[in-house]
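Before I ask anything, here is the structure I am working with.
For reference, chains read A, B, C, D, E and F in written order, and residue numbers begin at 1 within each chain.
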Amino acid sequence: MSKQIRAYADGDKLTVKVLLNTVTKGVTNKGAPYLSFVFQDGSGTIDAKYWNVSKEALDAFKPGMLVEVNGDVLCHNHQLQFRVQNMKEISQEGIDLRDYVKASELSENQLKFEIMKYVSDIQDTTIAKLVREMLKQREEKFFVYPAAQKNHHDFVGGLATHVLGMLKLADTLAASYPLLNRDLLIGGVILHDLGKLDELSGAIVTEYTMEGKLLGHISLMQAEISDTAKRLGLEGENVTLLRHMVLSHHGVYEYGSPVLPMIPEAEMLYLIDNIDARMSTLKKALEPIEPGNFTPRIFALENRAFYKHK
Amino acid sequence: MSKQIRAYADGDKLTVKVLLNTVTKGVTNKGAPYLSFVFQDGSGTIDAKYWNVSKEALDAFKPGMLVEVNGDVLCHNHQLQFRVQNMKEISQEGIDLRDYVKASELSENQLKFEIMKYVSDIQDTTIAKLVREMLKQREEKFFVYPAAQKNHHDFVGGLATHVLGMLKLADTLAASYPLLNRDLLIGGVILHDLGKLDELSGAIVTEYTMEGKLLGHISLMQAEISDTAKRLGLEGENVTLLRHMVLSHHGVYEYGSPVLPMIPEAEMLYLIDNIDARMSTLKKALEPIEPGNFTPRIFALENRAFYKHK
Amino acid sequence: MSKQIRAYADGDKLTVKVLLNTVTKGVTNKGAPYLSFVFQDGSGTIDAKYWNVSKEALDAFKPGMLVEVNGDVLCHNHQLQFRVQNMKEISQEGIDLRDYVKASELSENQLKFEIMKYVSDIQDTTIAKLVREMLKQREEKFFVYPAAQKNHHDFVGGLATHVLGMLKLADTLAASYPLLNRDLLIGGVILHDLGKLDELSGAIVTEYTMEGKLLGHISLMQAEISDTAKRLGLEGENVTLLRHMVLSHHGVYEYGSPVLPMIPEAEMLYLIDNIDARMSTLKKALEPIEPGNFTPRIFALENRAFYKHK
Amino acid sequence: MSKQIRAYADGDKLTVKVLLNTVTKGVTNKGAPYLSFVFQDGSGTIDAKYWNVSKEALDAFKPGMLVEVNGDVLCHNHQLQFRVQNMKEISQEGIDLRDYVKASELSENQLKFEIMKYVSDIQDTTIAKLVREMLKQREEKFFVYPAAQKNHHDFVGGLATHVLGMLKLADTLAASYPLLNRDLLIGGVILHDLGKLDELSGAIVTEYTMEGKLLGHISLMQAEISDTAKRLGLEGENVTLLRHMVLSHHGVYEYGSPVLPMIPEAEMLYLIDNIDARMSTLKKALEPIEPGNFTPRIFALENRAFYKHK
Amino acid sequence: MSKQIRAYADGDKLTVKVLLNTVTKGVTNKGAPYLSFVFQDGSGTIDAKYWNVSKEALDAFKPGMLVEVNGDVLCHNHQLQFRVQNMKEISQEGIDLRDYVKASELSENQLKFEIMKYVSDIQDTTIAKLVREMLKQREEKFFVYPAAQKNHHDFVGGLATHVLGMLKLADTLAASYPLLNRDLLIGGVILHDLGKLDELSGAIVTEYTMEGKLLGHISLMQAEISDTAKRLGLEGENVTLLRHMVLSHHGVYEYGSPVLPMIPEAEMLYLIDNIDARMSTLKKALEPIEPGNFTPRIFALENRAFYKHK
Amino acid sequence: MSKQIRAYADGDKLTVKVLLNTVTKGVTNKGAPYLSFVFQDGSGTIDAKYWNVSKEALDAFKPGMLVEVNGDVLCHNHQLQFRVQNMKEISQEGIDLRDYVKASELSENQLKFEIMKYVSDIQDTTIAKLVREMLKQREEKFFVYPAAQKNHHDFVGGLATHVLGMLKLADTLAASYPLLNRDLLIGGVILHDLGKLDELSGAIVTEYTMEGKLLGHISLMQAEISDTAKRLGLEGENVTLLRHMVLSHHGVYEYGSPVLPMIPEAEMLYLIDNIDARMSTLKKALEPIEPGNFTPRIFALENRAFYKHK
């Protein structure tokens, strides 16, 4: 593995493999085109400039590509910057992308194993069939996508990690509160965010797709469940209830739920989604803080600063 | 036609045909079961009681039934009330339901003719095919359903009347503002409220269905468009844009739109839906008012009272 | 035990023991004073009137008294009403008040046993001492008071039942999320609502005290913790953190928290308080509903109606 | 015509005529005074600095002046900047200001002709007299002022262009909805924004006047209508209704309407003002966007980004 | 003076003089017309019915009339009601209306004397001339009108009482805070609510006029100040500032101020208007409460209940 | 006294005494540590850098220290900056800190004298004892602390200056409105912000303490009053009422009051706190403005810009 970005120093001359996080074209005051990048690997990111870029190279690079690049590191405005001499795309085959991005603490196999155990516990055949089919169609993406572009669980495998965290809570809560139907709750947890697989452009260097922006992951998934249930010939109330749970899981209109929770399982889905997201956000925010100090204000937590106790 | 409800007087002994608007079971202090109704015909409504109801009769009547009833009219608590002696369901066949309910000023045929002219004007083949298919599947309901259970356009044919009013505005506005794509706007107007055909239980004595409450007409229709487009093999941006228009046409999250308008046609759809609904509400509210006076506060118009000028 | 209120019938002549839930003085049109009551026992409530009441009797009765009363049951405005002939207070000694009020499904001893197990698990000595002392001072009230005058857990033992429900969740969640300090969370759960013991006037026929209204249970308890810690010579961050958790546990300013949660345990305390209250409210609201139907709108759940699935 | 600003290049030495958009005094670190400008012509704007400015020159220049300036163009912080050598005011006489500013696509005469047609259609003599007089007093300004300092219709002739757009909609809508009084609606559209002629300091380089800020254009115009009606001896309800329409046309309190619409024409005035402003804003925002992309977030449209379809 | 309403008893047969507070027409179930009234005198109000009313009498009575009426008092639904036998209007000449309505504790002369002292203290000639002229035109109404139809200062002379209370505060505050211009503040206090003289229909049995509803007292007065200043040839900033103070004195948009306070005197006018109104409301609410108890919730004070201390 | 900061010029070589307002550690691109400061004296502030700082010096300096420093002044990015050569702490003994910070226009003795006059006027012995004891415990801090870290009264003696301003208003208002209990109002004014003495870290270079952030000054003080009253054996309603006044004096939940004002004195405390704070903020904002101009938008005054009249 080439030198990690976090280890770069002023004056380094390097040949390294990095992932292109962003690619932007610019023009100098003298009219010469150039390219700006953010390079990324598992250790961090760095800004880069490709001056004197050739005409062919100008359109050759896109976010998400893996490249081999040589050049030098310099200090510009108190920040390190990589000045590109040469750069070429390299194949992603045989490469473990987790070397280039932040990833879940759990491996893909662990996530699969743990989540599928909960699936196999579902007793209701309608829910079981629907959940299995939905997951089967999305197997490749489900265990690698992040849960969001930024914010909580924004790493490879983040979505499945988030779902697994919620399944554990669902398990306990279904036991504590008998008015909850366990199968519905488990089913709802697994399906609730699958729409993000269509809404986000990829597991790495994620962006929102045009469909994602215009329709939203909630509506995308609801239509998919309806479609899949028809295709499988599944009928009955539970299909409607699962669609309802997906639609209502943001809990309030302002966050894009067109209906609010109207069954206990939908209410609980919203509550545990919230708990797992908040704990993930807090963990990330508190990690770099010294005990006895406050975090900066955290936008996703109503702009509060949190105290790390001693 | 039997005597109209508005003409009933204290002491009348009558045999009449009426529509059952509501049916409620009760028990007297002495434990005897009875039925309460609201009777309805084209002239108005009246409360009714069926004391001493037989066991069979107790479960025989449901909202939406047409019945022949005989009994007498008396005055209870300053209000007329119908006391039922006998009552039986009669067939709705051959009966023009518009005798029993408020209806659009336009006939079903007029509505059909006018709206289909706009459909036949659509140039874009994807939009045209999709709109035609969606209407074809819902032809029977579309031209008789109301636009809402109460509020604006709450009468037989109300939905189509509302759509026709909007189509006229869409026509002018598409001409005034060249940035609007006429086909998308016309298509969106026609599709935007079709979900109400699933959300409401019927053209008469409408109620919200369980599906309607848990999913909402916006999400119901969006899934249907997605499904129909797949079935017809229709692809491309315009299908997504029509789904977006249906999803966003309430304009704000609080009214159940999971996404907000993000194309000019969606913004305009929201605006003219609003104009037509407001004018319909105002018309209904101002009609019974003497010039120089104010209406009562109108909930759907931000609780304002309107002045009827001289 | 005397005849239960739910069993009363029109025409009954009875001598019974009931609890006075409310007592109101009135004057008839002719100027004669009388008393109105709500009688209560474990089976329900009934309105009562004491006409022709003597001067002495007029001021003799107060909410919360246990009385023996004789009189008859009649039907007034379609509702049963008790007409008092004679009425006298009886001693509450030796009487199990749980016969006269709704009570927790768990006995006082069970609640005590279960909750004290969690207390004895606390490792941090400051937290342990503080929690033990606070509970010791309030032992008599803590296991019988309700959690609120109405709404969730509004029954004898309701507060302890609510705390126990939360402790179980706290247990699981502290295990799931290592960033949570278990002792703080357990301590905060136990202390968070103790102020209600001062805010509410009693375990039965509860009212808000003047202090309760003007200061609120949150501020009452915070001052008590501060005072108790000083008295016990307890110092250090954990006392401040527990005070913070009590102050912030309503989670938003509008519900009377003067500061918002700023440590993970305070955030979690707010979240699980919310979950347990919502599940309790939902349980109560769904119990009397037939499957396939909706509850009335529930004020404490943002005015939503919930569907009871089949 | 001198070289257009959009055509300036690094190193140019130029003598040009430009409009002063802003004028700001500054002091260098060494204490020498200088002037900063934004120069403007029909093609765009450029920052300028006048170093070594003489004492007399320091106070000689104000926003809105036309100047002849010579100097050179250089590149500072990646942006072109004009360095002034000499600068003098020139007379605006005989100069077509539309060479120096953005202007309506319609000429002043076209705007006048089209709008006066609508005026001459007004049947009600009170409304007709009032509208004619109000326009006559403001003829010079009305056809050149913008509709706002920035946002929609922010160009020479913008106000009249906006009014004309609304008159066309008013025409159609008065025909569609018979409950609308056409004369009131047309009159209201013409009068609604006339207060901006007092609120804004000029047709070019507009600023809000002290009166404009402290009173607002809505209140300024309302007082003027009252005054003019008294002077013309006009009486009756329609004067009050027009004052009401001006006061209420922002539709909500937060945007400075002290009363909300209470007649159908006031409601419609608010709605079509909104439509025309939104379409103008959208047009401006979408123009520079490539199909298939989103605009930046648009503040005036609730901060939404709009998609430009293919 | 005839028997006072508060002294009426069931069974009384009376001939009395009362003020008509409200007049409403009704129709019995049998179709006979009748009149409902609220009678009022200085001691209180009572509902009245005039059955078997003649055709002429039906349209003869209006709110605000003084009538001589004979009939009897009976008890209906636990409330006293006056049953009219005969009723005729009597002249208001020579009658002191303060016998029939609640009135200020200060006499008209006291109010005049005290307020005019403040007027004569104004140093600035523009403000002095304007205030004197405005008061002169409204002298008859100003010292008798209430400050509102209900809520604070809702009695004869209420407006002047409110203004006097505010003038006293203004006096002290102008002394405490030198940044306040005393003349502006005094002038603003006197003018701020004069528009209510146009907005309310009379000093007694007040209603909002059509102009009052459609324009609001704030805008009515602002136009009047503008008009009066023109007529008197008054110019300069102070006229604009007084108009600004009138427009902004409700302090927030939601209460009908089209601009918010932007000079210190406007800010202070809003604050002391608020203080005097709140103290008046509180005084009225606390008067009938026993010490140690709470008032009912007071709508005008954010729905809070206030405690009356011992 | 050394040269004042406001008098520094580019090129100065100086030895001066300044207060350290902030201290921040940094690392150069080459990895060398340095210190950044804000220096402060009574005339203003300046940024400073201490390059080549020794290891010992690195941890020697903290905000609030008084230092003697020598170095030179240079111009960096158009702003003056102090480059430190040597720096050492000096004792604060015998030094009048008011030379280094902004201070009240009133001396400590004047503040003490004026405020204690109001204290000695309190008739109620419970209130008098409580207020005297609370002040006695905090005498040293009370007359020097600011009222806030920034915003209104942010200077030495600011808190006492604010309290004195409010006491004067309280005096007049208690006289104007007999429903106000003067002793409670005076007592509440003195106690209301004492919690800031715990919430803020010092009279100079103030920061919020951890306790201040997690508990808030309102809750801190309320617990202290409760504690002090217990210690002095004070009982009765007035202690509760003063606690209520402290808790509710922010007037709305969003600003951290857990209960809203429920006695007239609490309402008035909130209103005059508001008046005095607003006048202080306005005074500060208007001072540097030329007559005829507007201030920048003032965040604490709802983001309004104020006009300074001529």
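One rule holds for everything that comes next: a residue touches a chain if its C-beta (ideal position, glycine included) is under 8 Å from a C-beta of that chain, and two chains touch if they have at least 3 such contacts.
In UniProt terms, the chains line up like this: A, B, C, D, E, F = HD domain-containing protein.
These numbers were taken from a predicted model, which means no experiment stands behind them.
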Chain by chain, through touching neighbours only, how many steps does the shortest route from subunit C (HD domain-containing protein) to subunit D (HD domain-containing protein) take? 2
Between subunit B (HD domain-containing protein) and subunit D (HD domain-containing protein), the fewest touch steps amount to 1
Please tell me whether the contact surfaces of subunit E (HD domain-containing protein) and subunit F (HD domain-containing protein) are same or different in residue numbering, using the over-half criterion. same
Name the chain whose C-alpha centroid is farthest from the C-alpha centroid of subunit C (HD domain-containing protein). D
So what's the Cα centroid distance for subunit B (HD domain-containing protein) and subunit C (HD domain-containing protein), whole Å? 46
Got the subunit D (HD domain-containing protein) residues that touch at least 2 other chains? 210, 213-214, 237, 241, 262-263, 294, 305, 307
Based on which chains are in contact, what kind of graph results: line, ring, star, complete or other? other
Pairs of chains, among all present, that meet the touch criterion: A-B, A-C, A-D, A-F, B-C, B-D, B-E, C-E, C-F, D-E, D-F, E-F
Which stretch or stretches of subunit C (HD domain-containing protein) touch subunit F (HD domain-containing protein) in the complex? 210-211, 213-216, 218-219, 222-223, 226-227, 230, 237, 240-241, 243-244, 247, 253-259, 262-263
Residue ranges of subunit A (HD domain-containing protein) in contact with subunit F (HD domain-containing protein) within the complex: 10, 75, 78, 292, 294, 305, 307
Touching residues (chain side subunit A (HD domain-containing protein), partner subunit D (HD domain-containing protein)) in the complex: 29-30, 210, 213-214
Residue positions on subunit B (HD domain-containing protein) within touch of subunit D (HD domain-containing protein) in the complex are 165, 168-169, 172-173, 176-177, 179, 181, 184, 237, 241, 260-264, 267-268, 271, 274-275, 278-279, 282-283, 286, 294, 301-302, 304-307, 309-310
